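Working notes for the structure below.
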Amino acid sequence: MIILSYLAVGAVSLALILLSKSHRTMNAFSILHTLSFLAIGLYALLTTVVPTFEAGSEYFYVDHLSIYEVLIAALLFFLASVYANGYVESLMQAHELHRSNLKIFYMASSLLLTTVTLAFLSDNLALFWIFAELTTVFSAALVAILSAKENIDAAFKYIFIASGAMLFSFIGLIFLYTLSGEVLGSGTLNWTVLTANATLLSPKMLAASFVFLFIGFAAKSGIFPFHTWLPDAHSKAPSAVSAILSGVLLNVGMYGILRMYAIVRQTQAEHLVSQFLMGFGLLTVAVAVLNMLLQRNLKMLIAFSSMEHMGIILLGIGVGTPLALFWTLFYVLAHSLTKASLFFSAGILHRQYESNLIQDMRDVLSLQPVAGWGFIIGSFAIIGMPPFPIFSAKLFILLEAFGFSKSLVFAVLLLLVIASAAFARFLIEAFSRSSKDTGTGELETPLLPYRVRKGMKFPILFIIFMILALGVFFPESLENLLNEIVYELGYL
Amino acid sequence: MNASFLLFTLLNTGFVLLVSPLFMSLIKKVKAYAQGRKGPSLLQGYFDLHKLMQKEVVYSPNSSEIMRITPYLNLAVLLLATLFVPIVFIPDAPEGIGNIIVFLYLLAIERFFTALCGLDAGSTFGGMGSSRLMSLSAVIEPTMIIAFAALAYVLKTVNFHEMFAITAGSTIPESPTLTLISISLFIIIIVETGRLPVDNPATHLELTMINEAMILEQSGKNLALIELAHAVKQTILMAVLINILAPLGLATELTFTGLVVSCLYFLIKASLLAGVIGLFESSLAKMRLFRLPGFYMMAFFFSALTILMEVFA
Amino acid sequence: MIFSFLTDPAFLEDIVRILFVFVLITAAFILSTRNIASLLTVYTVQSLLLVLIAVSLYLIEGSQTLLAIAALTLVSKVLLIPIFINLIGEKIKISRDLKFNYMEPTASLVVSIALILLAYVFLSGFFNEVVLGKLFFIGAVIGLSLTLMGMLVIFSRRKMITKVIGYLTMENGVLLFGIFVADLPFIIEILIVIDLMILVLLTTILAIGLDSTREQYHQRLHTLKIWSGRED
């Protein structure tokens, strides 16, 4: 039922967008699409008996983790669509986005939402693989929508790296299939069956197939060494798209890794795989942070920050204790929201200065107070300051990791300090610049404040409100939901 | 050293010396026909040798003993190598004769002295030819070694005589790897004897020469001996390929009819192979010198795959 | 009967082994060639070899899926995709891919041999527990090697069309691997999805005119005003 309704809404929205003529209608349908997905998700969570199989087959599976991820995705898409209303209009005025590509833009984002949702709801790993590949294609289309050479290059790089790595994942799927066929009689790729029989699977082969699967999912999430597409794609895409890329698509990869780890965790391969994941998490954080220090481009800074957070999430998954999992899941939510707000603010700044570079930004706080302060607060949130939610999530994950390896935690803390320094440096340099103190005597043309269109401020304010609320007051329903997930994945 | 081996020495070397110029002419004839002309007659090789033998030998005043002994040394070494590749029949050979490693080294000696000889007269083109030859041979060495190693691995012996004894009598190669190895051997023939696409044997332009450049200074009898040595090298390498791939008719014992049959079969098969080489040459253009290592690398990759396939599968 | 030897398993296995070597040779050609037209021909030959391997395996094993896979590969990879790429090549004149990005062909061939050995070592340490037939094991190694070599093509070349061929080679490798390791009914659907994706990619390249030497296509892609500064 749930799947069918998702599919139906997705198809209808696509058709409506296809038929619309003006930007307003397209955007309206897009927002409606996201809202209905949100509604269906909430309905599923609150009324139906979850976990449950869907469409009468073993292919789709709705459990708390799927609903959680779907809700995060739908929420982010909703905010991005609202934001896109004004942003895309503005891009078109500046001739960076051609009118003819508008329909493709909205169709691609509608298809993206549908495929992401279906990916989260798949039980069969092969089906998940197919949907993940489709998300790569659609998101690459969104990256390339501004028909500039850099965008096309970034989009192609993204497709090749992500799809190539997914081919390795496919080899992992074949291994898994053979492996389960050995033990269970007939091979299966259904996650439910695999978790139920995880202890029967040979640990060595399971570990090897995990490594192959990891390659593909890690590339989708921007883990070192498959991260090379991430800075380019996330920074060159239009900001509404960047928010979706950082907030939703990176989660798809992590979702896959988490599901697989839940299987591996029950066998003897757990120790090895856990160290493997923690190692890669640490490396990702290190590479991301060291790159952040050098950045003069605002969106690249934020993109590398995404990579850093994915590293920490990977670390959290690798730690593998129930508490770590609980906080990792919370981290996912917190990160998606905060990152989205950062990208939205960056988008407004981009429209103001026609540039993302430090040297082009002046008088930020006087010209664009909402965006400027939004960005400052967002930066505080993203580096893990209390009272924002990322702080508590990071704290508990690192506490759990402390039990595994003290040096690891110290290394991560050091890297986090460097990350904060990177943000601070950028902020101080960019935001304190004022057109009054030119110093060189050259004439600086006075900047006209960019008139922020409606719908662009709302998401930023909404998110800031939400993350403050989440950080200060942890709602009990969320806690129950996360507990359910931890329980269902077999951690308790 | 028994009588059979003595007879083998005489017969094998005599036969090879006799037919080598024929095959060289045959290749030229095939190339000529491919180019739409008639070409020189099949016996032209013999006439050329005869003509050269009559001519006076001229030595450059800068040359040393190397120039004087190389033609004789080359021919001697190659005739020794001929003993390693039984064409008329397979004798009862002493230990060591027929070893593929020694065979490779004999070919290397010949190459080495030719290169020295090219440098000897002090002319620029000679030196250029020598340096080209040496660098290219260095790149083809691994391929040769791996191809022969694969051969040894498949046939479980490092002695040509034993190898041919094993393959003798069968019409098609037993193991599929032998088919693949023959492709490697074919490439080695092309490279070692300096045929297109590696080196154009008919070129007049010194800057495009590799092999020819080194023998520019030779004249008269010496040139005849060097040409003959080159033809002998061609023949014995072709014989290796033929006896591995299609050893039908090779006599394993010393009987008169067996001998005749062997010689006839060899003539036919080698003529076919010469025709194939001619056609192959006619269909390709000479490769740029700096692209040759890439081509050799492909050949190496192919041989490596062959031996991997054989060892692991 | 003349055809009795066609069904003789030992003979068929020999044929398959020879085909394996040629498949890897095609991959080596793709790695080292500079000519776009020959690139496409070699890819077509490679797909054709794959079809032959699938058919031979069907003659050995008798599983129907193999025949379906062979037919599908024949239609999509030997006919459709090459025709499509030819169309692209004609419409937007693609020049020769003269520049190699990081590795000259000689070096990439050496790396390929290392990759093949790596694949062998990895898989042999792995299939100890699952007893696979010798031929199937080699098939798996060749499949994995082909995938790795395809990845090498993506990394060492500059032109987009060559990278697409590299990706297609990777897909061929995974297909080969799948044929030999497991009997997979769903492999067909996956392949269809991948092929569709590739067609979409190729259409994009056609529409935008990447790799083209014609000036009109260069002007189509403007540079966004803001790009400068620190980028990868």
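Each chain carries a letter (A, B and C) given by its place in the written order, and its residues are counted from 1.
To be clear about the criterion, a residue touches a chain if its C-beta (ideal position, glycine included) is under 8 Å from a C-beta of that chain, and two chains touch if they have at least 3 such contacts.
What you see is a predicted model; the values in this text were computed from it and never measured.
> Compute the centre of every chain as the mean of its C-alpha atoms, then state which one is farthest from the centre of chain C.
Checked the centroid distances; the maximum from chain C is B.
> Where is the C-beta contact count highest, in terms of which two chains?
Greatest number of C-beta pairs in contact occurs for A-C.
> Centroid from C-alpha atoms only, then distance chain B to chain C, rounded to Å. What do you get?
Roughly 38 Å, centre to centre.
> How many angstrom between the C-alpha centroids of chain C and chain A?
31
> Where the centres are mean C-alpha positions, what is the separation of chain A from chain B, in Å?
Taking the average C-alpha coordinate of chain A and of chain B, the gap between them is 66 Å.
> What residues on chain A touch chain C, complex-wise?
96, 126, 129-130, 133-134, 137, 144, 146-152, 156, 159-160, 163-164, 167-168, 170-171, 174-175, 177-179, 181-182, 187, 189, 202, 204-205, 208, 228, 231-232, 236, 294-297, 300, 350, 354-357, 360
> Report the residues of chain B in contact with chain C in the complex, numbered from low to high.
175-177, 179-180, 293-294, 297-298, 300-302, 304-306, 308-309, 312-313
> For the complex, which residues does chain C have touching chain A?
The contact residues of chain C facing chain A are 126, 129-130, 144, 147, 150-151, 154, 160, 163, 167, 170-171, 173-174, 177-178, 181-182, 184, 186, 189-190, 193-194, 197, 200-201, 204, 208, 210, 220-232.
> Can you tell me which positions in chain C touch chain B when the two form their complex?
14-15, 17-18, 20-21, 24-25, 28-29, 32, 105-106, 109-110, 112-113, 116-117, 120, 134-135, 138, 141
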